[in-house]
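In the two complexes below, chain A is the common chain; its partner is chain B in one and chain C in the other.
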Partner chain A sequence: MTYLVFARAAVLRNLTYRAGYWMSLTGTASMVAVQYYLWSAVYSTAGLAPAGMTLGQTLTYVLTARAASTFLSLDAGRGISRRVRLGTIAAELARPVDLQLSLFFEGLGEATFALLAVSAPVFAVLVWAGAVVLPSPGALHWFLLSLLLAYLVTYALSFAVGLVSFWTGNGMGLADFLEAGVFLFSGILVPLDFFPGPVRALARALPFQAIYHLPMSILTGRAGSFGGALAMQAGWAVLLIWAGRVVWRRARPFLVVQGG
Partner chain B sequence: MPTIIAERLTKDYRIPRRGHGVGSYLRTLFTPSYREVRALDAVSFAIEPGETVGYIGLNGAGKSTTVKLLAGILAPTSGRVKVGGIDPHRERVTNARRIGLVFGQRSQLLWDLPVRETFHLLRHVYRVPPDRYHANTRRFFELLELDAVWDQPVRLLSLGQKMRCELAAAFLHDPSVVYLDEPTIGLDVLAKGAIREFLKEISQKTQVTVFLTTHDLRDIEEVCRRVILIHQGSLVYDRSPQELVQEYGQNARLEVAAAGDAVPTAPPGSRLEGRTGDRWVFTFDRQRVRVPELLAVLGQELSIRDVTVTGLDLESVVRRIYGGEAP
Partner chain C sequence: MRQLEPFPRGPAQLAHYLRLYTVYLRVGWLSLMAYPVDFVVRNLGNLFWNLASVGAIWVIFTFAECIGGFDRAQVLFIYAMSMLARSIWHLLWVNMMSIGFYVQQGTLDRLLVRPLDPLFQVVAGYVDNDDWGELALGLVVLVVAGRTVGLGNDPLLVAWTGLAVLSGSLVYAAIHLAAASTAFWMVQNSAVTRLAWDMDSFSRYPLDIYPVAVRLTLTWVVPFGFAAYYPSQLALGTGTYRYLALLTPVVAAAAFAGAYRFWRHGLGRYQGTGT
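Take a look at the complex of A and B:
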């Protein structure tokens, strides 16, 4: 498989920088700690269970989401806009590869490294410490599949939005906008069920919930049906990958290679 | 059939129009305005397989734009490109398989990893058969001294070492056309020499078509058998370097260092321009008089210590064309 070399190069690059790895691990662990203390404080009033979520469920939801965020990153889109802004996109386009696929595999290399080296150890420590409660083994399989779909949705969304930089020359603002959408509507900071009705309804209509909310619902046993959640994720993944291809075809004539 | 055909190739860029100052920038956030700039204006040429073409012009003349259009990276505003019979922009991937590309100003190497990792990646991306891979890398090790840098991360290489790697990377998959956009920019004489030797060697031994842009006319003189000159987006010259010199290089310049202060008389066919340091400067018409004749006449009056002749080289010719002088 030709494209695996892009994943390999990404893994090697990550292994090159030791200090960067330790920083990333420390950063993720700190954010997990912040979430832990925040939600423990929120629940310190005895008997509180907003939206029917216990402290155990809420911690499992937000801490796992935070641990997973290292590999569910929006870097594909940022990568495109960086390449367009600096003009290095020219070198990429001179290669006989599909940009959507080569970036996908490059991102997959990054994600695999982040999953194995950061997310999985942090998650393991959380389970060991009892902060995250594992569901039944049956549900765990569905959760892992759901994480994989979450990865596809993240990648496809980020790719399609990153391509906008072909028109604008710089996609940084849009990447921030996308990130804001993730913060608000995905469940990465606050479980979606805690939001008032209209916001929840809006979140359900957007693809962001497929990134954290649906996998975490499966993990905490609050998804109505596993099948429904997974189908919703798969639907978004297919739709967004297709959208990425459409935008890609539209975007190409607008490319300007900046910097001479 | 030509390998590369460009027909009335035209490219416009849209440049944001902004005034000076924060206020003006804020206004363009809401009401942007643009102006169209024509980077390339109806340029046509055809290049046969195996030709080595030097593509020259001042900064901003449209050289890099042409390369990106030929490589299928950019879409032309109007006009047509065919490379190997296909439209390089529409069939980008098919085209990319057959071409090599070197940008002097941006790297295609894997920045954080040892050089060999870039070659490992390219080998798979271009599906280079093992025997070709080994034959080519062996050759590059020899010609470009790659063995010295093979295990070093790209980010630690010097510009010259990096450019040798870029060159090898572009030729790894035996492409039928290679575009080199200012491959010798910023390099020292040794690195430039190595790159010219490599290009000469490979263009003589293989059927590769080489399309080279440069500001260093020695690249062209040593490597290319054809030169295309563009100015402000338009093609102004397309011939061999020798013909260019013959046509435009009539007014040559002779400098003679001689002892004493006696002012010499200019020999027939020449004109005394003045003196710089201990050198008398003459200009002469190469069609009317040749250097040995001039020296024979001057030698009777002066005791000549040293002689320099300029104006026969491509550089002074090109300067003359840009200066708007008639041939």
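Take a look at the complex of A and C:
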């Protein structure tokens, strides 16, 4: 696979840029800490179990989602916008590689690094401290597979949105919009089961739930059937990757290369 | 060593700076308008992002009675105060976080040869493009939550809230200026600026939810508690720290003065990168 070179380069870049690593570790740790204290305070009223979720389940869901958010980042789309805005996209297009694939592998390198160096250690500390409760080993395997699918959905979404910069010249705005959508409907902020009925129904019809809600439901043993959750994620991943492909073919003629 | 210009003293110089600031702001605004569609979409995104955060508190209160002893309107009031204070700082002064880049790339030299305070140039040189939604939503939530807690009946408390929000912005400015000024001692200080950035999420909820060590840190070391939590107690008329609330403007001014001295101290030992 020649494209693995892109992944390798991204990992090496992260290994060299030490300050960036500490940034993302401290960032993730403080987000996790705030969430831990917030939800512990919410549950201080005795006997509270909204939507049947105990404090242990809620902490497992919310804190693992925050730890995972470092590697489930939406940077692929921002990468495209930056290239369009700076004009370097012209040189990238002239190369004999598929842009969607090369960006995918570059993102994969970044994500692998973030997963192993930030998310996994934070998760391990949370398990060790007893804030996150692990399910049976069988469910854990499905959870890891589910995280992988969540990554595909995240990547495909941000790629498709990044391509819009071919029309607008600068896609940062839409990237922010996408982030807001993920924030609101993915479960990263509040477990989706806490939402009032209609909002929950809306969230379940959108692809964002495939990023955090479905993996965390598997982890907390609330997914119903693992197969159903995974199939839902795989469906969204295929649909969105295909959509990115279509938008990509349509977007190319609209590209305006901006000054260097 | 080069002698550093003191910050403007006297009304004539202040007027000069104010006039220049309007010019800087106009230029900043024009550069935002270079991509008008993107500007609008970006701020709508920001609005929705913040709406989601406020919505999360709303959702929590569909089943919880209080967070850290504060009810829904009170928690939203504190949250709105921190949104407002943070967005005012962010919209006008966020470029102070780039001090590290100016130092590393040597572009700080260019600011030092101009006859203006270098910090003024850093701060005025950039108007932020993506936080207008937070400002707007903060204002709306503050008004609604303020009415719910019965704040509107007392003009003195309304005035206090206004003063507290501006003090809160100064607290944000002080913390981020101090963090950014570490660039004069460290080649790579982005971990420090990022830590300050991430720690501000601690300022959004009542400090009562944190353990004592965290609370003391957020009060006396990195005073994010004075960005919203302490001053809100006077406006809300609840909480155990009402007497500390009165200290807010003093703490804000002292923190900023300290951070400014730290920045000047660093600037004094700045040698340039030679590029």
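Assume the second predicted complex is superposed on the first by the 259 of 260 C-alpha atoms of A that agree within 3 Å, B and C clash if a C-alpha of one lies under 4 Å from a C-alpha of the other, contacts with A are read in each partner's own complex, and residues count from 1 in each chain.
In this section, contacts are C-beta pairs under 8 Å (C-beta built on N, C-alpha and C of every residue); 3 or more make two chains touch, one makes a residue touch a chain.
Predicted model, so just to flag it, every value in this text is computed and none were measured.
A.B. asks: Should the superposition on chain A be reported as showing a clash between chain B and chain C, or a fit?
C.D. replies: Verdict on chain A: chain B and chain C fit.
A.B. asks: In the superposed arrangement, which partner chain does A:F6 touch: chain B (first), chain C (second), both, or neither?
C.D. replies: Touch status of A:F6: first partner only.
A.B. asks: For A:A91, select first, second, both or neither according to whether it touches chain B, chain C, the two together, or no partner.
C.D. replies: first
A.B. asks: Examine A:T16 and indicate which partner it touches, taking first as chain B and second as chain C; both and neither are also allowed.
C.D. replies: first
A.B. asks: With the two structures laid over each other on chain A, which partner does A:L140 touch: chain B (first), chain C (second), both, or neither?
C.D. replies: neither
A.B. asks: Does chain A have more residues touched by chain B or by chain C?
C.D. replies: C
A.B. asks: Mind computing the angle chain B to chain A to chain C from the CA centres, in steps of 10 degrees?
C.D. replies: 80
A.B. asks: Applying the document's definition of touch, where does A:R252 land relative to chain B and chain C: first, second, both, or neither?
C.D. replies: Once the two structures are laid over each other on A, A:R252 reaches chain B alone.
A.B. asks: Quick one: minimum Cα-Cα distance, chain B versus chain C, in the superposed arrangement, integer Å.
C.D. replies: 5
A.B. asks: Can you give me the overlap between the chain B contact set and the chain C contact set on chain A?
C.D. replies: none
A.B. asks: Tell me, which parts of chain A touch chain C in their complex?
C.D. replies: It is residues 18-20, 22-24, 26-27, 30-31, 33-34, 37-38, 40-43, 45, 48, 50, 168-181, 183-184, 189-190, 194-196 of chain A that touch chain C.
A.B. asks: Which residues of chain C touch chain A in their complex?
C.D. replies: Listed in rising order, the residues of chain C that touch chain A are 35, 37-46, 48-49, 51-53, 55-56, 59-60, 62-68, 130, 188-191, 194-195, 197-199, 201-202, 205, 208-211, 214.
A.B. asks: Can you tell me which positions in chain A touch chain B when the two form their complex?
C.D. replies: 2, 4-6, 8-9, 12-13, 16-17, 86-88, 90-91, 93-98, 252-253, 255-257, 259-260
A.B. asks: If we count contacts the way the header does, which residues on chain B are in touch with chain A in the complex?
C.D. replies: Listed in rising order, the residues of chain B that touch chain A are 13, 64, 68, 71-75, 89, 92-94, 96-97, 99, 101, 103, 105-108, 110, 112-113, 117, 120-121, 124-127, 153.
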